[in-house]
Every structure is written in structure tokens, then in C-alpha cells.
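In what comes next, subunit A is part of two complexes: it sits with subunit B in the first one and with subunit C in the second one.
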Partner chain A sequence: MRKSKKIVVLGHFGVGKTSLIRRFVTDTFSDKYKVTIGVHITKKLVEISAENKMSLILWDLEGTDDIVSIRNSYLLGTHGAVFVFDASRPSTFQHLNEDLKIIREKISEVPLMVVGNKLDLVDKNLLKNVFEEHGINANYLTSAKTGDGVNQLFLNLATLLASDA
Partner chain B sequence: MLEKFQEKYANKNKQFVLINKVGKVLESDQILFPVLRGSTIFELHPFFECLYTVIEDEKKANFYGVHILFKEKMFILDISAIPEKEGLLLILEDLTEHYNAYQKITQKRNESVIKTELTVLKNEELQERERFKNSFIQNFSHELRNPLTSITAIFDILSDTALTNEQNQMLNFVKESNNNLRLMLEDTLSIGMIDAGKLQIQERVFDLQKFFELLQFTYKAKANKKGLKFESSWDDKIPKVAEGDRLRLFQVLTNLLDNAVKYTKKGSIRLEIKLNQKWANTANLRFQITDSGVGISEENRVAIFESFKQLSSDVHNKGVGLGLTIAKKLLELMGSEIKMQSTVGEGSSFYFDLNVKYPLFETTPSTISKNRNKLNNKSNQVDQVKFKILLVEDDTYVQTTLFKLLLNTNKFKIDLAYDGALVLQDVISNSYDLILMDVNLPNLNGVQITKLIRDFPFKNIKNIPIIGLTANAYQENIQQCLEAGMQKVLIKPFEKEELVCTIFEILK
Partner chain C sequence: MEEKDKIELLKDILFADDHEFEKKISQRVDLLEQTIEEHEKLSEKVKPIVIHEIEEFKKSIPDTLGPTITQTLKEEIKNHQDKVVDVLYPILGKMVKKYVAQEMKVLSNKMNGQIGFLAFWKRKAKSAFTGEKEENIMFDNLNSAKIQQVLLIEKDSGILKASFAKSNAIDEEMVSGMLTAIKSFVEDAFIQRDQELESIEYELYQIHLQSFATHYIAVVISGNFDLNAKNKLQDIIFDFYHSFMAMNLDLVFKTSSTEKSIIPVSKSHVEKELKKYFGNAKI
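Then we have the complex of A and B:
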């Protein structure tokens, strides 16, 4: 009997996937960028409500230049996905809609959250224009550095998964 | 049971684990870390929970670079999950060393890619700011030029009327203020043009000696007015006629001389031009301006060349702090470099060495003067007739003031037009001797109208002389006007004398 939910966190390299998970799991942050190779897996117990708890198994996948190259085995049995881009680097979101299409082909029936990270590095007003220009619709804007939006992202995803269960 | 698999996949870096369909460990070797028989694999590490799906799917799955921390040691494993009749065979291969090496290479590569991207973005942002600044300066100076043209024209009109001494004095204040404003505008525009890379050095033959005399005359008056002594020195070996950008050289020297006057309270100012070296058709000249002013401290010697920087907090020091920046940048464009020596409390000396070409057969100042006289005679000849001019200008104030100014000369009949689209009809229905054409017009602009006129089949229309009037002083704009067929372009604000002389020069 499975008691936990697998969530894959994916996106281009250097967008802050590892930092987001670290902020959520240990509430810490490091400015030093360390490339993730393969996959790091951590588990966190989330309290959705007083009587409803859920373990999230977070798969922090190696960032890629090309989303197509993500190994299908990493996505096996996933319950939810978080696609992260770096709001300060257009190269990580300028093909966002194509990237999401590819991901959707790989995992079609699970909730997928689109997250613009590194909010602390950008002007929110300018970002709005940039997103409009690229036709981007991000579900969450986060900053792993300040913690803005991070807990909310994972808690909302957990709640969504709990309601789907 | 396990031996048959070990035979097949034997390797010291590989651990074999056999689990049943509910994840219970049936058997395991202990090559990498201990996995106890009877324990549940899913409790060993959260990774193994994904095996539920592999068991359900009954399809082999390979996982690469899985990080598993065991007793403070991080293993990076490739894990194969192979469905067998007992349940699932797991082959855990330790590739930590391989992945760590790969990590180092990828780290360098990714850091470099991100750094490059951020640098490009930063550059784009800076360029965007620069574009905005230059466009702002261009628009701002453009907007100021029209009212300045009106003020200049009104001054000229008023000067020709009967005025009391007091009114004359006040009018002179207006003229001086207007000139100061105009110079500040020119400075601001120049820095914008230099920074945008739009300023080009225009080399033409000019009378260098007359140029020196003009500076001498102007700054002697300015220095004397402030109670300062003005000295100057001209080396007789210098070619009297030179080839260079007279306007920009004038801008450099007037900026340096203005500063000298501004920051000197007592003593003297000296302007010196001497010959360093002379070749077949090139001379290297030293231009030097020395004052006995406040001097510049060592720590401020870089800052004085920065835009909008004034060391003095004295509010009476007029200007926007661009003079030295412009001088420095213009000299760089001319292939020279400004240098300085200064002692606080004793004074400063600014100097630069400049190569100028000179014609082998010099056109002497007297020849130039003769030519000028010829021109004046021709102007006198044309003075006798009234010329019909079409003034095309959409700014009502500029139009009114220029109209009055030209009418007051009693030498022209003026028709007015303000809409580009209607000009052609006016030109066809009347026979004009000259058109004064504002460049920025509604509907059809001055350049477009000029092209239409020049393409007209009838000679009396296609050959009408056109003088462009523009508030856009950028070289490319002027070039565009000339290429369209305008004979001359006057940059607003211009003085009556400049306008009238240009008209006569074209009409001659």
C-alpha cells in the first residue's frame, strides 16, 4: 500500500530546482550553485490538515538544455510534476509552451505546476510584460532565496493530490 | 539462487538484491551496503518506492545517477530493476567516481553558459538604457530647438526697432541667456551623439589663423570682462589653412576656455597654439590653455572628465558639467588625447596634440576674404529684387517669428504653408524663388516633399532651391535632407544673419 506521492521537479539547468526543494524540506538556502547530476530524492511529510498528512517524495532531476532528453524512467509512477524556470533568464522560459507540451506527452494525467523561480532577481512589473510577450502563464512565482511562494507551491500541490486520491 | 545472477552480472561495484512483489527482500549480497533479508526495500530509501510501478508494470526499468546516502557516504548508482518470476531483481551499480567527474565538467560548462547569458542580458539592459537616454536627449533637444528659434528670431526683430537704452540692455540679457541655453543644448546633444556613435568628424579645409583670431577676440573680451588678463600665442610656422573638423575643434577649445574663465577669479588665461612637427602635408599642433584658477586636486582629475560632473558647488557656475567630457570624447574621435597639469590654488593647464592636414598650395586668408567680398557684392546685386519665398513650417510660433523676421528685411515676399500634403499644390500654383522647408511636417515630411519636387517634370518647379530647417542636428538627418535634394540645411535655432546669408548665398 503506497502512502506517499512522487513529485518530479524538472526544468532547465540552473533554474533553482534543488534550492526550491531545499527551501521546502530544510528551510535553508545556499547562493552557491551546484549542478545536480542524475537525481536526488528527498521525502517530506506534509500536513494538509490536522488529520490529513501526506509524504511527498521529491525527485530533483538533473537540469537539461533540452526537455526531450529527460529519461522516462525518472517519470515512472509520478503523481505530480513541477516545471521550474528561472524568471531572470529568458532562455529557460522562451520555449516554455513547447517544453510543457513535451512534458505533457510524457506525463499526461498528473497535475503539473509551472513555477517561475528567482523572483528576488527580477522586477515583477517588467516580468509581467515579458511573460505576456512570450505567452507564459506561470502558476507560481517563487524565490528559493527568500522563501516566497515555496511552501505554498508544495502544499497546494499536496492538497491537489490528496483531493485526487 | 542468487549465484546464477551473479555469474551473469558479476562485478565488484554491483550489488544484487532480489525482492518479492510486495517489496520484501528475499536475498541480497552486501557488496555496497547491507540490505537485510526480510526487510522492506521501500523503507531503505525513498527512491525504492518508485518500484511499486515497476512491479505493477512488469517492465524492466533503468535509473541513472540515483543519489543514495548511506552512513554519511553518498553513493551515486545506476539501478536496474528487472522483473523476474520471484518478483524484482535490483542491480545497483556504484558509479560515484564516474558521476563525480562528470559533475565537475558539467559544473564548469553550466556556470560558463549561465555567466555568458547573464552578461549578454546585462549588456542588453545597458544598451537599452543607453538607447533610452540618447533618444530622450534627442527628443528633448529637438523640442527645445523650436522655442529657441522663436526667441532668437524675436530678438532679431526687436533689435531692429527703436528701443531705449534700458530696453536694449534687457534685450542683451535675453540674447546672452538664449546663447547660454543654446550652448548647453549643443553640449547635451553632442554627448548624446558621441555616446550613440552618431557623431562623425567632418574634415574640411578652414582658415586656421582666422579660427585662432576668433577665439582670441572672443575670449579676450570674456576674460577682460571678468578682470582677467588674456594672453595668446600663435606660432608663425603653423599652416594658416588646415584641414580638419573646425566645428568640433572649436567646441573643444571653447569648452576649455570657458572653463578657464569660469574657474579663474584673478590672474590670467593663456591660449597657445604651436607647431610640434611638420611633414609633407600634415602638421602636429599643440593646443594649450593655461589659467591661474582654482586648480584641480589629484583625486578629482579623473572625475572632471565624467558627464554631468562639476567639482564646484558654486551655483553661479553656469553649465551642465559636460564641457570636459565632450572635449575628451571629441578629441578621442579626432585621434588625440586631452592631458592636464594642475596645482591646487595655482592653476591648471589643459593641452592636446592634434594632427591636421594642410594643403600644399595654401588658400590664403586674403583669398578667402576676396571670395567673401565677391559674395557680398552678389548679395548686394540680389538686394534690389524682392524674392518670393514659401515658408513651410508647422510650428505656429516659429512660423510667425520667421515670417516677421524675413518680412522686416524688406527683401522677400513670403507665403506660408504648414501642412506637408498641401505644399505641392502651392508650389505648382505659384512661382517661388526659394522654399524654406521645415523637415518635421505633418502628413508629408520635408524630405518626402523635396523628393517629390525634385522628381517633378517641369524645370521651373523641380529646380526651386530648398533650404531645410530642422531641429534634429544628427548628421544622418542632415545627410538625408541633402540627399533628397535640399541645397542647404539650417539647424534650429539659427540667427537672422545666418538665415538671410544662407538665402542670399543660394539665390545668387
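Then we have the complex of A and C:
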């Protein structure tokens, strides 16, 4: 039996949420930046095992400077969430723990993945130091441009949701 | 004459030619400097005039060259209509073709329904009883509201639970998500919290949205969806939802006594019910 799960992808402006989804759904990437207005919905069928398939309905929420301002109605009934920050732009992760606290208040009991995107623009060793300095713990480091870590992120999330169901 | 004077005299005699040459070079250099200075001075004076003239020329293009260009284009289009059609057809042709094809398909489906044996005799009978002309009855029937697609959607998540469609439609799961997002946005932004978005209109179709506690039903309708049709549709939706809730409650009661986990009603079962209620419904 195929199940459908709603996943919200959220984060600050220009961190690459749309690019991350595009890489996962259509395996493409574009350098041109288009602002997401409101929400954009896409779907990807994920094969967890031969008998277990899952439809991930991905809600790409518009970026925001202030996580508090995310519309609660978009988060209703979500089965999982992906919080994306730009690993090359400290302003998008320097208040990460506060941002995650706010998100957790809005969606308390669903899996939440924390993702550092744009890995292709940073030195991994330097990044490690920066993360330690800011007390950051990212579950995944990805690059929508090269595709590094993208499939793994969504596949792991789908597997986690399947095991929870 | 002293020794020093002698040396000077000797220098003059020996370097007489060189002095002449040096003098000429100096004169040429002076002349060149003067020319450059004059050019720069001239350039300073002429440059603003040239820029101004260019700007004026740019501004005057619509008045001076505009009519000529327009006239030339008009003549070219008039004289080479076939070429223009060749260029524009791939763009306009596709749009027109798509629209006409869609309209013809809708009309064809309706005509097929109207020229059937049963429809023919129904129309005859209605005409005999009401005294209304047969062609008017046929036209009314052609334009009447028709259910094209029904989606049962989980209210919060926007996840599609079941659907029924008369023809293959675009990805229903994505449509369900988008409808839910639009509904949430409109309800958040424009309407008071205790009110719900009820319909979305687009060209030939209208989407009627009926909300319940945990789910909502979206019905895509073609034709004239008036108040009478809306009332009939709402009755059908309420009947279906009552049946759907009953199915869920049956499961809860059946499983609670045996301490089994509750398995939701299967999608295929709900879709059979949707077809039963909406498949041949007249509104």
C-alpha cells in the first residue's frame, strides 16, 4: 500500500529550499534565483523497499527573516519538516537553536531534519569550526548544486516516517 | 682672444648644424602641443553639443522614424502574410487549437449524453408535459452543471484520501495540496477564522469546497452552477460524508472490542463510495 506524507521545507530567505527540492524531485539545478511566494507544492514517489512506497508531498514554504512569521496553517497536519540553512551565510544559522525552538513549538511531535545547504561553497574543515563556535548540530550537509547528500536526506526522512507509521 | 673664447667659437663652428636641428625639433614639439591643446579645447566644447544632439535624436525617433518603421512593417506584413502566419502559427495556433479542442470535447460529451435513446424520450416527455420546446430543454440540459471530479482531502495536511474523476486529470495529490494551501492562505488572510473558502472559479469550471471537521471535499463542476445546483450538490456531499463517517465509526467499534489496532478505511473502498454517490449524480 502506498502512503502519502506531507513534508514542510522551511528556513530563511535564499538558503536553497526550492533548489534542494528541485534537485530531489527532478534532479536538476538552476543558478537563477526565483523567490517563492506563499507556498509551492511538489510530489515525489520514494521507494523505501520493494513493497513499501511513499508519496512525499513537499511543501516549499516561502523564506522568511523571522521564523515566528511562518503561517501556522501551512504547518498543520505535517508529518515531517526540513529546516534548511545556508552553510556559507552565518546570518542564516547564528540563531539556529532559537529558530528550532520556535519551530518545535509550532510542530512538536514530528521528525525535524536540520540541513546545512550550499556545501559546495564552503570549506568543510572551516565549517566544522564555525559550527562548533555557534553550537550548531546539523543532521545533514547538502549541496543542491552538486546533489551531495540530497537524496539521502529525503530517503532517510521517508524511512523514518515509514517506521513511525 | 682668450683660450675660453676660442673654445666657444670652436663649439659654435662645430655644432652649428646641430643647433639648427634642435631648433626645428623644438618648433615641431611646440606645434604638436598647441594642436593637442586646441583639440582638447575643441572637444570640451563640442562633446556636450554632440551628446545633446544624440539625445534629441533618440527622443525624436518615434516622431521621425516611427511612422516610417510602422508603415514599412505594415507593408511587409501585408505583402508577406503567409510568412507572418508561418511565424505566428506555432504560438497562436496551439493556443486556439487547445481551446477549441477543449470546448469541442466538452460539447461532444454533452451532445452524446443528449442524443442517447433514453435522453431523447425523456426530453419528448418533458416537452409534452411542460409545453416547453424540445430544443430549449436540450439547450438547458447541455448547459447544466456536471460533476467532473471529486476529491476527498484531509483538512490540515492536504493529503488526498480518495478521488473520483470522469476523465484522467492532472496529479490529484498535488492539486489537493495546492487547494489546501490556497484555502489556508485565503482563510488566514482575508476571511475571519470561523469562515471557510467555499468556491474557486476558473474559466469553464468551478471548484466547490465543502468543509467538515477533519476533511473537506472539493468538487470540480462544469456548466451553469447556479444556486439550485449548489443545493443539490451539497445534499449529495452530505449524504456521502455521512456514509464515510459511518464507515470510520464502524471500524472503531469493531476493533475496540477485539483490541486490534484501527486500520483506516481503504482508499479503494472510499473511492467506490465516491463513484456511487457522485458518478451518476444530477445537479
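For the reader, a short list of remarks on this structure follows.
Criterion: the second predicted complex is superposed on the first by the 163 of 165 C-alpha atoms of A that agree within 3 Å, B and C clash if a C-alpha of one lies under 4 Å from a C-alpha of the other, contacts with A are read in each partner's own complex, and residues count from 1 in each chain.
Note that in this section contacts are C-beta pairs under 8 Å (C-beta built on N, C-alpha and C of every residue); 3 or more make two chains touch, one makes a residue touch a chain.
Bear in mind the structure is a predicted one, so any value in this text is a computation, not a measurement.
Applying the stated clash criterion after superposition on subunit A shows that subunit B and subunit C collide. Contacts of A:K6 after superposition on the shared chain: both subunit B and subunit C are touched.
When both complexes are overlaid on chain A, the residue A:T42 reaches subunit B and subunit C alike.
Once the two complexes are overlaid on the shared chain, A:K124 sits clear of subunit B and of subunit C alike.
Between subunit B and subunit C, B touches the greater number of residues of subunit A.
By the touch criterion stated above, A:Y74 is placed in contact with subunit B and with subunit C alike.
In the superposition on chain A, contact of A:K32 is made with neither subunit B nor subunit C.
Comparing the two interfaces of subunit A, the one with subunit B and the one with subunit C have residues 4, 6, 38-39, 41-43, 57, 71, 73-74, 76-77 in common.
Subunit C meets subunit A in the complex at residues 154-160, 171, 173-174, 177-178, 181, 184-185, 187-188. Those residues of subunit A that touch subunit C in the complex are listed here as 4-6, 38-39, 41-43, 55, 57, 59, 71, 73-74, 76-79.
Listed in rising order, the residues of subunit B touching subunit A in the complex are 45-47, 49-50, 52-54, 57, 61-67, 76, 99, 102-103, 106-107, 110-111, 113-114, 117-118, 121.
The touching residues of subunit A, when paired with subunit B in their complex, are 2, 4, 6, 13-14, 33-35, 37-43, 57, 62-63, 71, 73-74, 76-77, 88-91.
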